[in-house]
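Take a look at the structures below.
Here come two complexes built around subunit A, the first alongside subunit B, the second alongside subunit C.
So, the complex of A and B:
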């Protein structure tokens, strides 16, 4: 291993070190001229410049953007329409029938995303909790088992989508297994409910390990002596779970749930590669709607896409604030101990 | 072996099988199958020929049809195992007309037999279609896609490490007006996802002329609030006395950053580097929007475009999916410990 490190050091660090030495003289001069504040500015500048241009500025522009219409890309060339884009998104003649909405695609995407969030997050959290509880049973080869669940987390969404598209194909291995067991093959990705379930299942498959890992860390932080005390009192395992494990895991659990919600609201890439939003609009989700209205469709309407993204951003901000508040509460509790 | 058995028979209390033991085994057993199975199936399928891929039900391993060179015929002929009234024998197919094939015995090539195709099965053995892997690089643009992906991943990670660590250094080791504001600003944007700012970001990237440029993919991703946050938290634990001592020795502020703080931040930098590599390699939505010309596609965008074609050539697509997966699998195998520690500690991904 040292060999590898030395080689890496020579290849990567040496030229960088040389560059850093080269920078030292002009920076010394700058330090003398501008003082410490000048150095602070120098250290902050690259990151904050990129951050301002590519994160903050878009955030601000987005609001202005959502109040304009037309196909022009740049803000000054666009026509101001006030809240018309939001009205267009939200107006329906009859709110019990989505097809009467002006932007029925948006409402369909909204409904799909809502259903997806509820089902996916529930199943994901249950599965992740079970997994974390099992991994916490002082198993041998824990790192191996952790790796088993964690493996799909690193795979790219495109790879995940394609792997499952191949498996769920009409002539794929899953149908072969069904036929082998004497059942009828299923058109997994071409029937609405199956495609929707597939999107849920595949995203759970891809992210289960991540959430299980955080919950496992929470479980491992529960003091062992609590369990020992319970055992000495002869407490039943079910009672131990409901009275010790679950309450003490709750803070972590809440954070994990909010994190899962934030992710689920933005669901896009795995589902997009898997089903492309189809069949029809069965798996059309909000992010895909924004992407298609903003960039992909023939009738591009960036203003409408911006308005939709602001509505989604609103939901995400609420969830984020919730998460920060929960995190702070946990921290305070931790300090009390 | 005894360790394996010891592991397999390990139980909760030691006396009898609790239902939780059974449940644990079922859960973990199916997990190995469900988590690793799909990727393994992908790898095995990627070595199959197009004909084999369209077979239903599919075979587990990739097979190749056996061919034989027969005297009197220019091209190699496919071999079949024939079973009919005359018994079982191995024949080579000359041509096929409808349901009847004209076949010859390789030992006796002059006598042509007419065989009903229902009575024969192809002779084949395990073989790998390496062409699935070679052709996309030689005949299609996948070499370019791979180069683009490596460029984006490498450059974005380097810039991320440099700019984020510089900003984190300033935010953790200096007192200045507005520091609190900058920190709050960064934390506040931690959770702003790309999907919320897609449209205006596109207009900005377009305004600076970076559409269809790899830099248009790189720049919006490098100023990660997550990275600054992670590094700052780590740098706060470095004692200020070290910096003071260096100043006594007339070290410049740049030297303090470069020679003292950066080396001490190495563990956090390693975590950020690993994450950045995985993030940038896997990025999809943003490259999909910025890159619309084939020659600047990254692997992820190229794969998606290839999968979206009317006639999906699965044999190439599966092989390229495996190629796309390889770097991440290597990271997983060698650096898994860093990643799991990073996630458990900070909850970032």
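So, the complex of A and C:
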């Protein structure tokens, strides 16, 4: 086997080596001209160019859009309105009653997203932790079970939405099964609470494997000796979990929580395909609101959508900074050991 | 309190027999060291006494009570792990208190015990620190402290010194022995280091491939090894072992050398293995052993001479002082015939 590998390696390496030798002389020449710092810039340039065109520029344009109004596509043709779009988004006559808000849809989407984030993340973390704890035991066919839980992560979100719509639809698989067992069918996606629960359940199903995997890695990093020491001390399983497993899992747990929060705030594709935001506005989330205001509704208002996306971006930036801070803290801790 | 008896302990992992029937009694207050090469089953045996693993067959008794079916927590033993197994997120104090809190012991009693153990181990200034802020030696003390506060029937120590550097290992060795004297508790100490075993043990259990080769005091093991394995394993540098043919009170080696046997030892004619400790060889003009010097390790007070006697027989001699020998020189050595060990064809000691 190694023989084959070596031959293959040599075959692959030959043209690369040839290319490297070909580039060697011009690059040396170029380095003499540009200097070492020049070379750094030279190698960074393509990356920076792509980043600028596809990330930085759209960001700037989006900020510019948020300060304009009208349906025109190109910035110079748009009317500057300052912070008017933000005002419109945030203005309510009575903040205890969302219906009095000028953009009541935005507020409904905000409330739905808030509720979704709290419930989905809580349930997701609990489910992922339990899954990881089970997978961490010396289970028969462990790799198989790990794969089973991870497979949904590999599916495209739209496919996830379609699969579950096929199951939960009024004429879907689940209702067929219920009727087959002599029960009444349920309008899973047409009843407010069921539809909202379905959105939570389906997104948990889709992301569980990813988070369970991170937690599982954390669990496996906990030395076995610690559990044996606890066993010698006669520690009850619950106390082992709360006093040993959970504290030692905390670094991974925090990362998982923040990542889950970020993803939950961004919820869109699975839920949109599954419920389309309905029934009514029961599962209307922020991203869908932005999408519809900006692109899908009859009265397109890209400026308003841009403003809403910036508000949402603000939330995501806070969460991301939190994650980075946690990451750095873990790194420092790692070094201390 | 603290008498541990093992009756025919066996352990198999699938088709592999790791322990092949171990019988052993560890007396109250004794410090017994399990020693043997890697994979001999010494750690497995300790874990079985601890209750962390279940034997496939056999019975473990502590103070006359069969504890085989009992969980680790119900055996009243404390273990010090090779990795120390300190909880990294807890302070030293919390580490020591953790096991006691499980038993719902009053806080005042816990504090007293921790204070007492900390004083004994001189770790009082470390109590509020975390394991990550301690040196290897300090962690080791905390791990021992965590065992002491539980006031166990016996201490089980699984290679506790192997993660320390050489100097610290020597001082911790002495400290552990002193601690054993002070506590008077039964201790079982596992190590692969025969020097550690020799210096610490009341009795040593030499294990090989899941079987007990010999159980005895360190000096008896050194002076009267029961078989070839123990002869080769105990003592540093290792014993010279040469195969030969016994004939009328002497042994002829493959290289032709005739070596006299101890007076009064009846050795039947035939194949035997002769053992002589390197320390028992001494320069002797016209002596029965002649060898060509290959390497000299001058240690100062003594020198270890590696030499070849021909026909594939090597020779190790520990000579006092700093003898004036050059590589390639031929030395002549003799010995007191009473210091010779003779092993039969089955590897067992004769006489």
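The rule is short, and it goes like this: the second predicted complex is superposed on the first by the 288 of 337 C-alpha atoms of A that agree within 3 Å, B and C clash if a C-alpha of one lies under 4 Å from a C-alpha of the other, contacts with A are read in each partner's own complex, and residues count from 1 in each chain.
The rule is short, and it goes like this: a residue touches a chain if its C-beta (ideal position, glycine included) is under 8 Å from a C-beta of that chain, and two chains touch if they have at least 3 such contacts.
Note that the structure is predicted; figures quoted are calculated from it, not measured.
Participant: Which holds for A:189: it touches subunit B only (first), subunit C only (second), both, or neither?
Facilitator: So A:189 meets neither subunit B nor subunit C here.
Participant: Where does A:235 make contact in the superposed view: on subunit B (first), on subunit C (second), on both, or on neither?
Facilitator: second
Participant: For A:247, is the partner it touches subunit B (first), subunit C (second), both, or none of the two (neither)?
Facilitator: second
Participant: Look at A:226 in the shared chain and tell me whether it touches subunit B only, subunit C only, both, or neither; answer first, second, both or neither.
Facilitator: In the superposition, A:226 touches subunit C alone.
Participant: Quick one: name whichever of subunit B and subunit C touches more residues of subunit A.
Facilitator: After superposing on chain A, more of subunit A is contacted by B.
Participant: Touching subunit B in one complex and subunit C in the other: list those residues of subunit A.
Facilitator: On subunit A, no residue contacts both subunit B in one structure and subunit C in the other.
Participant: Where on subunit A does subunit C make contact in their complex?
Facilitator: Interface residues on subunit A, with respect to subunit C: 223, 225-226, 228-236, 239, 243-244, 247-248, 336-337.
Participant: What residues on subunit B touch subunit A, complex-wise?
Facilitator: 6-7, 10, 12, 20, 23-24, 27-28, 31-32, 34-36, 38-39, 41-42, 45, 54-58, 162-164, 166-167, 169-171, 174, 176, 182, 185-187, 189-193, 195-208, 219-220, 222-223, 225, 228, 252-255, 257-258, 278, 281-282, 284-285, 288-289, 300, 303-304, 307-308, 314, 317-318, 321, 324-325, 328-329, 331-332, 336-337, 339-340, 343-345, 347, 349
Participant: Can you tell me which positions in subunit A touch subunit B when the two form their complex?
Facilitator: So the residues of subunit A touching subunit B come out as 20, 23-24, 27-28, 31, 36-37, 39-40, 43-44, 46-48, 50-51, 53-59, 61-62, 65, 73-75, 130-131, 134, 137, 139-141, 143, 145-159, 162-167, 171-173, 175-176, 179-180, 205, 209-210, 213-214, 216-217, 237, 255, 259, 262, 266, 268-269, 273, 276, 287, 290-291, 294-295, 302, 305-306, 309-310, 312-313, 316, 319-320, 323-324.
Participant: Which of the residues in subunit C end up touching subunit A in this complex?
Facilitator: Residues 50-52, 71-74, 77-79, 81-85, 87-89, 98-99, 102-103, 132-133, 146, 150 of subunit C touch subunit A in their complex.
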